[in-house]
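Look at the two complexes coming up: subunit A is in both, with subunit B in one and subunit C in the other.
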Partner chain A sequence: MRRVRHTVPNVLLAHAALAAYTVIALFPILLIIINSFKTRKAIFRDPLALPNPETFSLVGFETVFRQGDFFLYMQNSLIVTVASLFFILLFGAMAGFALAEYRFKGNTLMALYLAIGIMIPIRLGTISILEIMVATNLVNTLTALVLVYVAQGLPLAIFILSEFMRQVSDDLKNAGRIDGLSEYRIFFVLVLPLVRPALATVAVFNMIPIWNDLWFPLILAPGEATKTLTLGSQVFIGQFVTDWNAVLSALSMAMFPVLILYLIFSKQLIRGITSGAVK
Partner chain B sequence: MGSLVLKNIHMSFGTNEVLKDINLEVEDGEFVIFVGPSGCGKSTLLRIIAGLETPMQGDVEISGQLVNAMPASKRKIAMVFQTYALYPHLTVEKNMSLGLRQAGAASSYIKRQISLAVEMLELEPYLKRKPAELSGGQRQRVAIGRAIVRDPDLFLFDEPLSNLDAALRVNTRIEIARLHRELQSTVIYVTHDQIEAMTLAQKIIVLRDGRIEQVGSPMKLYKDPDNMFVAGFIGSPAMNFIEAGYLGVGGKAATVGVRPEQFTLSRRGRVSGTISHLEHLGAETNIFVNTDSGLITVRQFGEASLDIGAGIGLDFRDEDMLFFDSNGQRLR
Partner chain C sequence: MTSHRRPIRWHIGIFLAPAVLVYSAFMIFPLFGTLQLSLFTTSEQQTSFVGFDNFRVLFGDPRWSGAFWNALVNNVWFFVIHMLVQNPLGILIAAVLSNPKLRLRGFYRSAIFLPTIMSFVIVGFAWKLILSPLWGIAPDMLKAVGLKFLFAPYLGKEEYALTTLALISVWQYVGIPMMLIYAALLSIPQEVIEAGEVEGVTGFSAFWKIKLPLILPAIGIISILTFVGNFNAFDLVYAAQGALAGPNYATDILGTFLYRTFFGFQMQLGDPNMGAAVAMIMFLIILTGVCIYLFGIQMRMTRYQL
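Entry: the complex of A and B
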């Protein structure tokens, strides 16, 4: 395998490409944030301009806080996202561990069955899901959303995590068994910390779609008490009139919790703590 | 205390039969080595003894007690792994004591056992460190210490030296031999390296394709192998196999085996050829000779002043010949 050489033109090119990508990726976010601090007229007159003393306005944020229960929506979104992630990671890791660690009849078949969900979008089953939720009296509860998101996230989580579990040294698990640790302690104490980077990856993959989802909250939990942030923001988008100040302000604020979650996962979890376990 | 009996052990993964009818007895205090090429089933056999794999068939007895249904933690064994397998989140001290703490041992006993291991392996400076802060050799010593602390009936070693560099390997080998002398405990040791097997074992068990090829002391296997596989596997450089017809040997023998060091250089010897390569090792010289019966390795002590491409004659004493039939079985 040839190593990439770190010559000056190579480094410059790489950084130019990365910088270009950063600009493209950040541009829409920046646009939302700067326009959320502008008057309605200024947004339409010159959307790219930064707010100045003349165009600066907090009217969007005021509207958001006045209309609708913004903090409740945010709380709902956080509960749904965090709870879903927790169960996706827990059950995904457990199933991944079982598939990777134990030999049993139908192991491969089970792995395949669990992975099929990757190929079939869960939204195809929306009507049946709604029927189930109606039958079990879960409509307009956050539980309904958590259940759906866990089902949506599990296939990929199991797929990724079982691959990583396979790489955890057998010797380490066997050492634990000889020392009398239960399979649960081996899983939680020895194996999980070693697959933290994979857990973080799965968490980040699942977090954004859940946080941003409009489909399931709209169908399964449209009630005022269970509205998520994305759904709550829709009150500002009307068929004839859209309150862009409010929409942009709500979106700006909606970005922060998910940004913080992302930072937690990327900084806390992706740490090279695996060194020293084996070799 | 510390004996091991294996009866009719069969093991297969899917359709792949890895162990076929293994029968074996190990006495208390013996140092036994399973040796064989990779894929011969030696590690699987060790894991079966440890209770980490369940055989399809057969019995395992440790210290006279049938342990087929007993989990690994109850079998009074301790295992040292190739990859050390230290718990990354625990200090050296906690790594060593975890097994006893899990078993609910008294803390005074745990302390005594740890200080015993620490003393034997000079681990004092590392007790409060985590595995990540140790070098490979230190980690392996901690892993051995973790085994000693458990005061097991059986020590199981799974290729413990494979991840160490050459110098450390020799040191750790001596260390393990010393531990066995001091503790007088039964050791089952798996390796693919026949030098480790020859230097450490009291009894070697040569495995191939899931079968025991031969059991015996290192010198017994070296001098009196049962078949061509054992003859070729034990000893380095490997034994030379020469067609019987080439040497004019009659009878049932198809192949004649001669060890490299048993050749003498002789102009009118029974074998002649040209030197294709020389390895000067200082204390000895390995001479590779192309003959009509294939490549022959000759080992001469001291420095041999020979030239590549030169003709050479070789001879050996008649009693140094080992005869094998066409199935590779030894003819005695």
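Entry: the complex of A and C
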């Protein structure tokens, strides 16, 4: 009976189907990258060919570097993403610890209050958020973006981290208390290192949406000095829409950091999704 | 020394404070602020309370209602395509991938998930170039398989543009249902499958009769994630078609409608109060969906104890 499911034609069929879909998934990305290294003529004459010595050209990238401040955009994206992740993890772990460790009046209510944001998108409050940022002079600062992304990331971070912190052994914490450690030291020295895998999961989950967001940079920080890479490439492409070399190169430039991040973190990301996400 | 009251445990407050402050100030408070804005109107620097008038205008006033209903109907269609294409496709890929004896599983999984991590800006423009009649990649490839007659400037035609955009979004996000279903399938114990095999239930019918009922909770989760994501979508339409969601508003969804209402476009000035009303409608739609999921589906769903 067991043989039925794993006959050779079945496996071949599975490979064929998966390979076909893999081509569909990767083709557009590869096409953009390949053509960003070609001359304009070659882009149109033979879009599917790899660049060869005759058709190789970096003219698109030259335009990108001359006209757009891509390194500044990348730096802004990096600052916003790293700062947001840092505060999501720090504040999220602190709050998650309080909810998991102490019994106090309103504990469940607080957990519910903090969980609302898991399902309700923060974008719906945008108009009010902009008013706050205008009133506090934070428009066109990276701080505005960080504050919004931290608020956006906290609910799920607290939820995941408090689940993990419940599993840390009480004996360990009580031993610490007997040794006279303060609650703060117990959290930072004993508990935090033990939930490192959960911290990594939360970080990876939050990284991609923050890096890729277009909405808040467009509304809160559209100024030249604070453009993120996503917004910067969007604006750049809008201006150079007829310059195919420049557009393709800008797209490649924007893909590059995300591809690197994916190469580094894909195991973590996939493990995170496939371990705790479905409960 | 008679009082046995516990000392106030300040550390609990200190642990909670930063998260609660940031979350309340930039998430909860703005939601209420937006609700409040939606009940007022501003003319000549004067703000006055108008109750639900903004909503009445949105639903019934000919200056607004046409655009609003158009965006809502488009958004519903956008969601329907995701439910009909993205989620079944994700389940299918996951089912094929979950065969433990298949080689290269990790490679397929990572490759199919790759588009999901790209920004909508990249994806929107990439597909715009590919589908562009100027570049000619799409028509040439269709020609190669003898289907050239199928080609049309899909993003430029009113009747195809929205469906095309929805399919691009499906292409990008199919990785999420795939991963979640894949994880759910892996968590089914081998004994359950083997018990089925002893009874002669194998292959496709094993999937249909044994595995599918067991992964229903995961299907519920991907459905609600899709719902929230779709009714809050903006980036792809903005990146591929601009704020005007062309051609002729054929790809306008609530997110782009909100953006234009709030910021204004072409000759029309932005109106924060009407924008807040649009945001509140999106909020109610999403809240309704989440409540139906939580109370109607998740609580009634039979959970098989594994």
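Just so we're on the same page, the second predicted complex is superposed on the first by the 199 of 279 C-alpha atoms of A that agree within 3 Å, B and C clash if a C-alpha of one lies under 4 Å from a C-alpha of the other, contacts with A are read in each partner's own complex, and residues count from 1 in each chain.
Convention: a contact is a pair of C-beta atoms (placed from the backbone, for glycine too) under 8 Å apart; a residue touches a chain by one contact, two chains touch by 3 or more.
Only a predicted model underlies this, so the values are computations on that prediction, with no experimental measurement involved.
In the superposition on chain A, contact of A:S169 is made with subunit B only, not with subunit C.
Contact with subunit C, but none with subunit B, is seen for A:H15 once the two complexes are overlaid on the shared chain.
Look at A:I127: by the touch rule set out above, it reaches subunit C but stays clear of subunit B. Contacts of A:N140 after superposition on the shared chain: neither subunit B nor subunit C is touched. Of the two partners subunit B and subunit C, more residues of subunit A are touched by C. Once the two complexes are overlaid on the shared chain, A:Q67 sits clear of subunit B and of subunit C alike. In the superposed pair of complexes, A:L181 makes contact with subunit B only, with no contact to subunit C.
Across the superposed pair, subunit B and subunit C both touch subunit A at residues 273-275, 277-278. Of all residues in subunit B, those touching subunit A in their complex are 13, 47, 50, 52, 71-74, 77-79, 81-89, 98-99, 102-103, 130-134, 136, 146, 158, 163. Those residues of subunit A that touch subunit B in the complex are listed here as 103, 169, 171-172, 174-181, 189-190, 193-194, 273-279.
Across the complex, subunit A meets subunit C through its residues 1-2, 4-6, 11, 14-15, 17-19, 21-22, 24-26, 28-29, 31-32, 43-44, 47-48, 87, 90-92, 94-95, 97-99, 102, 104, 110, 113-114, 116-117, 119-129, 131-132, 147-148, 150-152, 154-155, 158, 182-184, 187, 208, 211-215, 218-219, 230, 233-234, 237, 244, 247-248, 251, 254-255, 258, 261-262, 266, 270, 273-275, 277-278. Subunit C contributes residues 9, 11-12, 14-16, 18-20, 22-23, 25-34, 37, 93, 96-97, 99, 101-102, 104, 107-115, 117-123, 125-127, 129-130, 135-137, 140, 171, 179-180, 182-184, 186-187, 197-198, 200, 202-203, 206, 217-218, 221, 224, 228, 232, 234-235, 238-239, 255, 258, 262-263, 272, 275-276, 279-280, 282-283, 286-287, 290 to its touches with subunit A in the complex.
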